[in-house]
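Lettered A, B, C and D in written order, each chain numbered from 1.
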Amino acid sequence: MRIGVLSGGGDAPGLNAVIRAITKTAIFKYGWEVTGIIDGFEGLLTPTKTRQLTSWNTRGILFIGGTILGTTNRGNPFAHKTVVAGREIVEDMSSMVINNIKELGLDVLVVIGGDGSLKIGSGIQKLGVPVIGVPKTIDNDLMATHVTFGFQTAVDTATEALDKLHTTAESHQRVILLEVMGRYAGWIALEAGMAGSADVILIPEIPFNIDKVTEKLLDRKKAGSKSSIVVVAEGAKPAGGEMAVREKASDGYVLRLGGMGEIVANEISRRTSFETRVTVLGHVQRGGSPCPFDRLLATRYGAAAVELIAQKKFGEMVSYQPPLITSVPLEQAISCLKLVEPEGELVKIAEGMGVSFGR
Amino acid sequence: MRIGVLSGGGDAPGLNAVIRAITKTAIFKYGWEVTGIIDGFEGLLTPTKTRQLTSWNTRGILFIGGTILGTTNRGNPFAHKTVVAGREIVEDMSSMVINNIKELGLDVLVVIGGDGSLKIGSGIQKLGVPVIGVPKTIDNDLMATHVTFGFQTAVDTATEALDKLHTTAESHQRVILLEVMGRYAGWIALEAGMAGSADVILIPEIPFNIDKVTEKLLDRKKAGSKSSIVVVAEGAKPAGGEMAVREKASDGYVLRLGGMGEIVANEISRRTSFETRVTVLGHVQRGGSPCPFDRLLATRYGAAAVELIAQKKFGEMVSYQPPLITSVPLEQAISCLKLVEPEGELVKIAEGMGVSFGR
Amino acid sequence: MRIGVLSGGGDAPGLNAVIRAITKTAIFKYGWEVTGIIDGFEGLLTPTKTRQLTSWNTRGILFIGGTILGTTNRGNPFAHKTVVAGREIVEDMSSMVINNIKELGLDVLVVIGGDGSLKIGSGIQKLGVPVIGVPKTIDNDLMATHVTFGFQTAVDTATEALDKLHTTAESHQRVILLEVMGRYAGWIALEAGMAGSADVILIPEIPFNIDKVTEKLLDRKKAGSKSSIVVVAEGAKPAGGEMAVREKASDGYVLRLGGMGEIVANEISRRTSFETRVTVLGHVQRGGSPCPFDRLLATRYGAAAVELIAQKKFGEMVSYQPPLITSVPLEQAISCLKLVEPEGELVKIAEGMGVSFGR
Amino acid sequence: MRIGVLSGGGDAPGLNAVIRAITKTAIFKYGWEVTGIIDGFEGLLTPTKTRQLTSWNTRGILFIGGTILGTTNRGNPFAHKTVVAGREIVEDMSSMVINNIKELGLDVLVVIGGDGSLKIGSGIQKLGVPVIGVPKTIDNDLMATHVTFGFQTAVDTATEALDKLHTTAESHQRVILLEVMGRYAGWIALEAGMAGSADVILIPEIPFNIDKVTEKLLDRKKAGSKSSIVVVAEGAKPAGGEMAVREKASDGYVLRLGGMGEIVANEISRRTSFETRVTVLGHVQRGGSPCPFDRLLATRYGAAAVELIAQKKFGEMVSYQPPLITSVPLEQAISCLKLVEPEGELVKIAEGMGVSFGR
């Protein structure tokens, strides 16, 4: 049996742990071979880019962020984009990919990816290649699994930033804003905000009213607080209160630099006497050594993927349903996003403790 | 409504987060009052030791290890020990404690504790004082909840030590041993060992044969590995192979200093040519700022305890059944330990990837 | 003898360590008393804001970022600003401050601060109050001392961010920019950039040519590098190459949000095909527990300040001239900034290893 | 020009940074070649073990603990030990090593090492091979340089352990002991003890009286402290007070397991009512990613070594004399150890703040 492994989409701490677990379990437990495919689905085009994975070259990678195989959004075989003579051409190259998979001698393909990559995996499965999915989204927004690897590491990084901001916030009369990842799902902002004792948390799922935000900040000042901390998901959206998100120039809107963290900061200082300071974490949240929780979760995912292969349960995605790793059909896995529920337990707990979501 | 809060037993990172969540939720959401009881059940003896908890004096404690209230194993009201004239006297002081609870005006007592403390809490409940339990055991050995706070922080600390040991192990031909907590349950050793890429993991639930351990180490050397890393739970037990755990002197056994980590190291170097080095983590594992996972879990426990009070569900312990916080009767909560299953998923995964448990 | 202690200006990790060392040394070694002045020079106005410092209330603060006394830029007694009826009034309130110092019974004032605060301290000394200075600038830009506390902690935080960015940069074809503190002095950018393996470092002392920056990035791509990392001091300045720092709208310049990190990123993606990502660390660099190096340095500063008092060497600032803590006259201490030398050793080493400063 | 690089003796975080700086500076600045020698002087025996170093294979190693070349105490060419028929034979193999250096085409040898390795380097220089030394000792006990790389990382690790022990110590009436490295020099214990707020610090340079230690602990208890923290260098020595370091059995002394940390703990609990807990850090202190201070220092050492070669200043060791990197003759470099001065500044500061050294 020869297993092919690839990773598609963005980076998430723990990718190497999945790759290592698949490799070691396949080799030590089943005596199979493992072929790593470089740079996601791109590595399955002609010429193919692959690398034989062994217990030696997957050694010591458990701790390392990033991935030894590369991961990319490019290379969708069903809608492959190339630029010819300045024009983008989109082609279906899936039959070439299927051929290449056969030429590489792969009996099964493990696709580690989010929404998009798993959908491609599902398409490949339909074309006759057995596929196993491993969920990967740092935003933790897949309904089909309790939690995804990389998410806890991102929360840890954001929380550590909040811890540092707290000590310095205390010395000054200031509002400090931390912009974190989360374009559609506010999980990182919510969990880091709660673990890092934010006063205001703004997430995509709960559009905020800027007047409610400043009201909260002024209330805190009145109650004697020297400073306040606001966590802003990059995808947070204003629901009300006039905000100068873009500035109108006479010839139309001028796009500003600066994300939602800076926009909110600007608005707060425009409406109050507070000095504001902004930290934008950006890709720091995707990097670094995976935290032990993510290493273990990713290891369990990888080992479970090999067990699914052993049981010939193809077309499934491994899924964490605590305390067990189980599996769900790929089709079902990608059909539903898990967003923060505006009236869910975590939001209610936070509000019950005095945190404002700007509503 | 006035809530009393106390913590019994050993330390666990996240205690302050529970105390803060109870206090803030009770005050902000329900307008209740919270009395912190100092030094566990001892604080309920005469004279009582208490402290009014407010949103101000629980501010900034979310990050802090230890507990602002103190926690201790002493002061069991049902079997209270004092030393009078050199003799230890054990008395039932429960009626005094019940009286003191009434005099303090407490309507309900929240007991944060393990096995022992929750049993006392259950006893107090039977004497007519409403009690809510919050599970606390750094060893994560309670069957009634998916995971306890403090455990992940301990795993993080142990894993970080393993990460450091790996880099230095590589430079030399050595066996490095890490002794971690776990007198009866091997969860910390198991999860840190897997997250930290240990080659051998010795836990109380799987008695080890020292010959199997050295066999594994020699196999690794033969396969070209420069070094090996062994994680030893403090409660690991030898099952076979002659081990010089104690040295026989002519007048009987001489108790040695040094825990199981050093005993195993000594045995390995006695039987092989390997140099060994031992790290004993000890209480470092109980200290430090709780990791974000533990802060959030502890916060959810604390908030859920207050909700149980609001629902008058007394005699219950909050319990994490992912994704929900729910509750179980105190009686049931303390009746069953959760040990590592020698044939369970995690052990099987580890063995499938080549880790030895010395069996 | 009664010592007054205050801190002026911005925050720096290690402030509490100085305060603790002064307090403990004064009390344990000399039997003196120590009065903490709250919120810098503001605490010396009427009414004064002070707090008796003891070995108990300075306990456990060595690890804690921020300061238990508060620090602020306001309250310059020689040019005190108040707003009366909407108009800012500037007054010399130094005689009031001198009177208050006498009424508080202070025999000597220890001023922990940068440039500005030490100048005020020097002015107070001239009015007859013995003053001792302790240097504080997170930017490490004082000529009179080898290094200031807080700086190494800031470098550690910035380097840790770079470490995380490296792992994720590798997985994608990207340029990642990290904006760090340093309005006038580029030390944090330089040292973190070297310790964190940046490819380009932009600092105020070496105005950069954006064409040289993109040239370097393109060279790296040609040589096979998947990604590049650029560290930008907030005060970095373009020297040449046309840069769209502000965008001209028909009615004049439109101020953008976004600091120099984003401006450079925008320019890079405008001129090349590179995707860019920006992290802005901001106040995260001022916060957090001081690193052990800073704790020890701050402790030595604090203890040395007390020894200067014991020797009646007033009007001096403690200074680290490795391996010794010595002192220099306050006057001299504040007269000279230490900037990165464009042809100095560190810059030359970095360039010798292939780092570009955009020149 | 072809440079050979090797590392001898124990591990120290920063080794890879030295190797990387030598390689990059030699290649980018001077166009030279660099040969890495594997496993220290052993790699110069027949057959030689080497590896061409390039900017590609030294990429990404700045952050990594350990060394890509290996480091070992074996292989002294002037007194080479082999075991023949069960008997250890010591031979002078230096002429073979000189021949091999010539056959490898090395024009100069950079020896990264402590006392012992630099002495060998000095011997090789006398035999006609140009040698440059780079100091390496995690104990920071070389007089010829202000500080060595790896030391600050070890201090950071030990201080972090102390931070964690503090939070848990507070919850219980306990004495917690931390055993750190330092067989002959107490620098790690001293600096970590001061940075981590230890109450007692025991170092080889100041033999301790166990009665003074317990006296200090009892004084603290009387003054209201719940707990105390004792840092013990592995080489700390008792000067007085009867200590049961070994236990006499009727047939002679029985060697115990357990280092000085456990011996002192045992003695404290034998003489007082304090419960004790021991953490033994061991090799954790040698591992992990070098801290930014060490990365920068090691980088400066490596670059300076190449500059010495460019200037043909052979037979010298690079030396940090803040703020400069300079050099000293190898002969002089290895002739003098730098121990903690019992009446030096740091010890005096610590004692002035109430720390006991058990004297």
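What we mean here is this: a residue touches a chain if its C-beta (ideal position, glycine included) is under 8 Å from a C-beta of that chain, and two chains touch if they have at least 3 such contacts.
Note that the structure is predicted; figures quoted are calculated from it, not measured.
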| item | value |
| --- | --- |
| Co-neighbours of subunit C and subunit B - touch as defined | A, D |
| Remotest chain, subunit C as reference, centres from CA atoms | B |
| Geometric centre distance via CA averages, subunit D-subunit B, whole Å | 34 |
| Distance between the centres, which are taken as Cα means, of subunit D and subunit A, whole angstrom | 41 |
| Interchain centroid distance [CA atoms averaged], subunit A/subunit B, Å | 32 |
| Junction residues of subunit A, two or more chains touched | 163, 166, 289 |
| Interchain pairs in contact, sorted by label | A-B, A-C, B-D, C-D |
| Residues of subunit A that touch subunit C when the two form their complex | 11, 13, 64-67, 70-72, 157, 161, 163-172, 176, 247, 249-251, 254, 256-258, 262-263, 266, 277-284, 286-289 |
| Residues of subunit A that touch subunit B when the two form their complex | 21, 24-25, 28-29, 55, 60, 62-63, 146, 152, 155-156, 159, 163, 166, 191-192, 194-197, 289, 291-293, 295-296, 299-300, 303, 306, 322-325, 345-346, 349, 352-354 |
